[in-house]
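First the structure, which I've put down as structure tokens, then a few questions once you've had a look.
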Amino acid sequence: MTTLLAAFDLLLSLTLLGLAVAALTSAEPRRGVILFIAFGLLLALVWARLRAPDLALAEAAIGAGLSGALMLAAARRARRRRSPETAPRPSEEQP
Amino acid sequence: MTIIEILSLVLLGTGAFFFLAGSIGLMRMPDRFTRLHALTKADNVGLGLIVLGLMPLAPDVRDALKLGLIWILVAVAGATGAHLIAKRAVRDDGEDSH
Amino acid sequence: MIAYLLIITLVLMLSIVVGLVRVAIGPTPSDRMMAAQLMGTSGIGVILLLAPVVEVSALIDVALIFALLAAVAVAAFTRRRVTESGG
Amino acid sequence: MIATQLLYVGCGILLLILGLWSFLVHPPLLRKLIAINVMGAGVFHILVAIAYRGIDTPPDPVPHALVLTGIVVAVSATALALAFGQRLDRDDDR
């Protein structure tokens, strides 16, 4: 059982670090924000595993939810400002 | 090990199998609609079976009812989300057009 | 019993990793949204399975918040796109 | 228990370093904000890992209170920075 728990811890940590790297290195603003929201949800998972349900609740509701929504709005504004007179739907979603 | 525990083990195992099948489908299916099909199986059936398997292990009735509420919420959200995603993909508007 | 629950949890973590890979490689925004939905559902499953393992029954409330947040998130993403494509 | 604490503290330190690197390297405001938030998450991660006392004993409540306050302050600071950024953009356009 200890081995299984250790495997779970290791997988969780590696996924969290991978998600952080992906969020920090994505150049397109909206994809970075979506990855950051996913990072916050995984962080809440870690804190649930470390017996801190209050922190997991706060992180999921305001850390990922509220600040993610604020950043999404900011990313949309930045995109509209960068190309106001070109196509109304700029297709910068090429991976 | 009682009969209830064995039943819950079987239900949990089946739920995990559905999650595994859904994620394999999300990885290997050729286009958006088949991937959506695989995803909804993992969402609704997988989580439903896991909730059913956890219900007998819950400490009291209130927690078991909360588990059921979670499943209902996820099912409603999953159905709505899948419908919206599929509608966008059918219309092929916006950045989906490639 | 606890060991069995942990094995199921590991399978669900695997499904989260698959969702992460899908979010990273795309190729379309629909795929990213689907993968995010899979990650949210698997996260709810992991939290529900962790509740008996670490013996904190308050984790069920955390899963409830996750479920609400997932519903709001999908609605928010799609609404944003509809208004944008309308003008 | 010590091994678990070490694993999660190491993960927190790595998150802190990653966030700091990204904050120093990438110029856009939104990316700097995400980097600062990841740095804060690393600090919270270290504090929660220090508070952990094993799978069957209740954890230390004091770091939990600190982290709860920290989450709220981080969200407020993010909102303030986004408002400042919007105001700066508008003044640039004029």
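Order as written gives the chain letters A, B, C and D; numbering starts at 1 within each chain.
Heads up, the rule we're going with is that contacts are C-beta pairs under 8 Å (C-beta built on N, C-alpha and C of every residue); 3 or more make two chains touch, one makes a residue touch a chain.
Fair warning: this is a prediction, and the values are worked out from it, not measured in the lab.
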For chain C, the least number of touch steps when starting out from chain A: 1
Chain at maximum distance from chain A, centres defined as averaged CA atoms: B
Centroid distance [mean C-alpha coordinates] between chain D and chain C, Å: 21
Centre distance in Å when chain B and chain C are each reduced to the mean of their C-alpha atoms: 10
Whole-Å gap separating chain A and chain D, where each centre is the average of the chain's CA atoms: 12
Shared-contact residues (touching 2 or more other chains) in chain C: 14, 27-29, 53-54, 61, 84-85
In chain A, residues with contacts to at least two other chains: 5, 51, 54, 89, 93
Junction residues of chain D, two or more chains touched: 55
In the complex, chain D residues that touch chain A: 3-4, 7-8, 11, 14-15, 18-19, 21-22, 26, 28, 30-31, 33-35, 37-38, 41, 44-45, 48-49, 51-52, 55, 58-59, 64, 67-68, 71-72, 74-75, 78-79, 82, 85-86, 89, 93
Contact footprint of chain C on chain B as seen in their complex: 1, 5, 9, 12-13, 15-16, 19-20, 22-24, 26-27, 32, 35-36, 39, 42-43, 46-47, 50-51, 54, 57-59, 63, 66-67, 69-70, 73-74, 76-78, 80-82, 84-85, 88-89, 93-96, 98
Residue ranges of chain C in contact with chain B within the complex: 1, 4-5, 8, 11-12, 14-15, 18-19, 21-22, 27-31, 33-35, 37-38, 41-42, 44-45, 48-49, 52, 57, 60-61, 63-64, 67-68, 70-71, 74-75, 78, 81, 84-85
In the complex with chain C, residue positions of chain A that touch it: 1, 4-5, 7-8, 11-12, 15, 18-19, 22, 31, 34-35, 37-38, 41-42, 44-45, 48-49, 51, 53-54, 56-57, 60-61, 64-65, 69, 72, 76, 88-89, 93, 95
Touch list for chain A against partner chain D, complex: 5-6, 9-10, 13, 16-17, 20-21, 23-25, 29, 32-33, 36, 39-40, 43, 46-47, 50-52, 54-55, 58-59, 62-63, 66-67, 70-71, 73-75, 77-78, 81
